[in-house]
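There are two complexes below, and they share chain A, which is joined by chain B in the first and by chain C in the second.
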Partner chain A sequence: MKTIFKSLFAITVLSVILSSCGNGGTNKKGSQGALSGNAAERVYVAPGEHDEFYAFVSGGFSGQLSVYGLPSGRLFKVIPVFSVDAEKAYGFNEETKAMLMTSHGFIPWDDSHHPDISQTEGVLDGRWIFINANNTPRIAKIDLTTFETTEILEIPNSAGNHSSSFVTENSEYVVAGTRFGIPFPQRDMPIDEYKGNFKGALSFIKLDPEDGTMDLSFQIRMPGFNYDLSHPGRGKSHGWFFFSTYNTEESNSLLEVNASQNDKDYIAAVNWKKAEEYIKAGKYKTMPARYAHNTYDEKTHTASTEWGKEVKVLDPAECPGLVYFLPTPKSPHGCDVDPSGEYIIGNGKLAAELTAHSFTKMLKAIEEKKFDGEAYGIPILKYEDILAGVVKQPGLGPLHTEFDGKGNAYTTFFISSEVVKWKLGTWEVIDRKPTYYSVGHLMIPGGNSRKPFGKYVLAMNKITKDRYLPTGPEVTQSAQLYDITGEKMELLLDFPTIGEPHYAAGIPASIIAENSKKIYKLEENEHKYAVKSEAEAKVERNGNEVHIYMTMIRSHFAPDNIEGVKVGDKVYFHVTNLEQDYDVPHGVSMIGAQTSELLIMPGQTETFIWEPKEVGIWPFYCTDFCSALHQEMQGYVRVSPKGSKVPIKFTLDGDAVDAE
Partner chain B sequence: MKKIKLTISLLAVSMLLFVSCNGEKKQDVKETKTEAAPLGKGQSAVSDNVSEANALQVAKSLDDFKTLVVAIETAGVEDAVVNAGPLTIFAPVNSAFDKLPEGTVETLLKPENKAKLAYILTNHVAPANYPIKQLKKEAKKGRKLYMASGKYLVVENKDGDIYVGGTKILKTVKVSNGWIHVIGDVLVPAE
Partner chain C sequence: MKKSKILMIVGSLLLLGLFVLPLWNITLEAPQYPDPIGMDIYITKIVDAKPNDIKNINLMNHYVGMKEIPEHMAEFDIFPIVIGFMVGLGLLIGFKANYKWYLFWLILMTVLGIAGMYDFYLWEYDYGHSLSPKAAIKFTNPDGTPMAYQPPLFGTKTILNFVAHSYPRSGAYFLFVGMISTLAAFFVGKKEAKA
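Presenting the complex of A and B:
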């Protein structure tokens, strides 16, 4: 009896195995629905394996930029850019405070929107990624060898820095446009005298070809419309930049009604090569301005601020051929240029159809001077003359378009919550897939360059409601990954994001992973307070300032016993991580210090300030689990009363740090 | 003290893991591609030509440690000696192994003696940061070194030369995860 049972059991098990194998085979061939198929397998990146793409997803109101892998949706790092980050001491340590300096003083937060990766000949080169601060207008540069913010440039004469930060196809410029019309230059005046008096600045920031250093080259002083988004021309249209506008009504209140009156707003086509000629010819005005230019020096591990004092300004009315207006229906939001550079897609937020302008037709109309009047001295082209085609009834609330490099475009629709695939040239809708819910931007790696890597599209949703486990009134926002290699899109994955996933830039991992830095070389460390060996560690008093030059190595600080500090002192901990080994950071924090921890990478020096208020013996410790003896990595500072005669003394294991 | 013991057991666990990895790897070959995640190699497989060399990389780069490296690989403790540590390794040169009774090395290198070999090797590793300066201090204060084997080694200072477990430190090399002190004898635990 038992034997029969055993055999039966064995047969059952065998048949289960067999049938499951069979199922696996059928699934792969089956074409019915991605979710019932092998979607999980296609986003599964096995332990220890790497993702195929990096996705740099902006944090929106978090002010940061997060780094994910695709297709897995795994989060690798949150790069602090415009908001302080206590975890990494960004904006807390003495070295990075200057990064957040502006003409308004130190600002601990911003709203980061549109990351864009540097290009060479229209192809992503993976050297830097740029991103805009929306609120207090700035552009940041992140170095893609260190994945750290290394430069932030404030943009004067701008407000709501939204049509930013897009890079031209040889990284000649990164461009920033203002959303809010404002007095330019700023002055005290009645708000309701907006019309004709407020202006909008389009800023062209020149990039150093070697190190990407940003320089505010010139601004174009445009009419006071709202400049919403922008993209560079590429290929045949290289040398031009396109900006969508809304509120050409120049309303200053209840814009949801008043800025939707005109049937058409404009896409502004700016010939920046022409602008360069005008600058060269001296046709600019130099206007006073005050803006911060913050740079992080990788050698000194320290940021500093320089102040810009003026800016060159071009007035389009005085510079013929500089700017043309392309009429585009109903408050265009996205303004996207296809990989060939021929089509400029305007997504009218309230329009019933998508508009594709033809660059070739635009040039012809300009040549033939076929204008439909002008606005503030800027010629307006005729809609019919420049139109390449329209995508009819594509969805509700179109926002943004990206391209797969195979002749297809993908547009997001906020109101109807979907991504729609359509064909360039024939303007026919090929496929539509729902998003969950209310999608904003979408991203195809390289999808706004000459060479998209059209394997996936990432849709970024503003609203998730019931899509994840609830977490009280505030729930996560999300991104959704679709496979776009087939005729129909397939939803593969949903994953939550940091802050608002406003927009993203993607790139094949192979382009940048190899260049990722492992350590900072100690011998190249030029920090003012660096010490390169334990023997050089010291403590110095200068009035009521005490400077501690400290080192860290597995698994101790040197010195780790310090005496002679007094209540009322300002104690600087200058801490150098002596390690020269990949992935061995150390942290440090001091009880009662009114700042964050420091998280110090190998070869790096960072500083925090502690102002002891109470007499006693106060410990500090390593905050990053560095080694097997991490928990032993600690020390003490003796704080004596004000006026005490206890001398400065610092030791390690009872001896001077340089004892033999 | 507890902490150190924990470290020891961690080392032991990582050895075990390595052993089981090898076992599973063989199975993996038989299985179909779509099943089971590929097993990651340990930390010793990390490719990194920027960081300072770790203890294993240094040992491998020097002919003096050929026998030691073979022993480390045979015992399967490569991952432990590249660990963040910090580690202080008393590294016997090739000739040290020759001093052992005839046939000892051959016997230890047999698969069935893997655990024994690993145990002997751990008697050469202190989970601690002991540069020469610190060893001198230990000698002066009469503090013994607690080794990964669970045994203690005596440190002595004889006219400026440092001896551990009765054998002289010939040379010292700084490595990224600690120190290698070169010795001329194998430190076989008492039992």
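Presenting the complex of A and C:
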């Protein structure tokens, strides 16, 4: 009996020791690796120092793009892209409303997903960053000298613009694919006749090599599968583009079940160089389409919309060699190409394994015409012929893989909530680290290029639950930074994000920081209503429209007393910031104006409209703390009754503004 | 040609540098100006050290009631004539006169230089003291007198939140080397006369 107790005691002690020695990967928080060593030191960027990397993290359902520094995780800016932003007057002022114009009219919101930075020869060049609107399909271009959205192109014949907006290695194209199968062109038909009738558009948008202007070059009319994500070939596979698909079942209802039946879906390999040949040879159909192309002119500080009227469409069944299907288990999400361009990783989100296709084997199989049938005229290659390798038992629910440039790959697993490091070629798992919780995508700066900067991986989580102070039912989402310079990953930092961080693009700060503009040059301002000195400021009446050409400089408006405005007038405040100093924006807002403030950068002109409804003296003021006398930066508009004879009068300090 | 003559002629010609190079520079540093703002003073103009600096200096200064940096001053007309005259006189002396005249030229140039610096001081004094009675911010010294914002004539001085640096620039070095050269011309000339 005694010995039994003794041995029981020994076992208990042993198991306590063992469990406390375990690395606790599956334990609750408190044993997260971050606590080992000097994690805080490694993410600490001292006051006044700069981060090593920019991280552009998508805002998901916020519709915007956020700019963080790494390794600190500090938020610098939220760039308004697809949603109005009252803070910056984006979509509120007269200049930017056109940016949100679509064939459906003005749309104040969207769901932004996958930012990607322009490349030259397969290396990030930091000129522009592109991001897709998922809901009303559009691609936006953000200029990385101003960090402002300067162009938005609507994508016709598409719905759920999800497998977008990825850039080829010389920024020849930014590519967009459709997630929903839809009638192409749109028409009235029964939904349950989806199969065989609905289609999916893959859109190739040509970029101007100088200024990046987007032009919808052509679309490929694919079978009505759901195109989920995509990536360009690079190096040896440059000229190809790879799209993952799900719902190859072509189901139109209860997709969670009906689109999860096939053992294998496809990665569509598109030879876009071949597509260019077919376009050149005239093998396309021109189909009518109506789509908005919105551009913001940095000189006029004003956006305008042009309308696309047609699109060139290639049918893969009629264009041999244009598209091949690579069978890939099972509803693959991410479709990622390694830095050499050889491996195409299918992250089968319902699969037990992670699949790597070989580009070389794919070409060989195509050459030998070893097909396993076809789907809608598109040849299907044999899984075994193109397989490079399989990562066995990697985790549950693989979503997205990026690369460190040292032969390693990093994959997120949504269901098992972890990042897994594995080796290209040997397919062995090297390390796994938990995420908190339910990681979606991850990002290594330059991870989608020939030259990754493999120092950190940023994992973006869908769920945070108890990770931060609670804020009611809605809590933040988050990103987590891991050091990947060693054999094992180390969690360094965990920080909240805006919206839902779907995806991110990172770049060494040194590539873009020095190109960041400090001011807009006043002498280059070509805004229709700009005034470049106080002497030119004026107020003009044109019927019931009153145009105020106003200037702002520390610390006053000119004019700041305006009379002669009447109830029922439509008053345009065209306001120019005369400052030419770094970081001296001024704001302006008018009591009762049914719009946002304006936040005007040095040298810029913006306009808001005020329709006064009541007689009285109504003040306006500067909304951005600009100077020691910011609080004094204010003025009045006198509003007289309709039909009043009060003449237009505008003054500064009692004098006509041009009298100085 | 004699060495002294060459020194005299070259020394005079060095003054021509003043027509293309800045004579003086005033730079202002403050915590909110991590890139300092400043102006380069030529004999013909005052210009931005980097774009928009003068505009931004004026914007800062208007709060305490200082006048704007003038775009034109009488000095911009007079200085080029004086310098031009001295170059001409120096050449004339260099070619035609004996070494004693070299010293005369140098003394004249020194007197004119001092006069120029005095003029600069007077302008700075006026710039720093003659303040608008309607200034938004009126600081006083501990003794109750109104605070002045005169930049230093030469050297570095703290003015409120700014540190002002006032130092010669390349044009002044041309002038200085030119004058040294004429002094050398005098001594070499004297030696040559004895030989």
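By our rule, the second predicted complex is superposed on the first by the 625 of 660 C-alpha atoms of A that agree within 3 Å, B and C clash if a C-alpha of one lies under 4 Å from a C-alpha of the other, contacts with A are read in each partner's own complex, and residues count from 1 in each chain.
Everything that follows uses one rule, which is that contacts are C-beta pairs under 8 Å (C-beta built on N, C-alpha and C of every residue); 3 or more make two chains touch, one makes a residue touch a chain.
Just so it is clear, the model here is predicted, and its values are computed rather than measured.
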| item | value |
| --- | --- |
| Superposed partners chain B and chain C on chain A - clash or fit | clash |
| Which of chain B and chain C A:E49 touches, first, second, both or neither | first |
| Touching partner for A:D211 - first (chain B), second (chain C), both, neither | neither |
| Touched partner set for A:H556, first chain B, second chain C, both or neither | first |
| Partner touching more residues of chain A, whether chain B or chain C | B |
| Chain B versus chain C as contact partner of A:D297, first or second or both or neither | neither |
| Contacts of A:E428 with chain B and chain C, given as first, second, both or neither | neither |
| Superposition clash, chain C against chain B - the stretch among 5-13, 95-103 or 149-157 that is involved | 149-157 |
| Chain B and chain C footprints on chain A, overlapping residues | 519, 553-554, 579-582, 627-629, 632 |
| Chain A contact footprint on chain C (complex, rising order) | 35, 51-52, 55-56, 59, 63, 136-137 |
| Complex contacts: residues of chain A adjacent to chain B | 24, 41, 46-49, 517-519, 553-556, 579-582, 584, 602, 626-629, 631-632, 653, 655, 659-660 |
| Partner chain C, residues of chain A touching it in the complex | 519, 553-554, 579-582, 627-629, 632 |
| Chain A-facing residues of chain B, complex | 3, 7, 10, 34, 37-41, 46, 48, 50-52, 54, 83-86, 127-129, 133-134, 137, 176-178 |
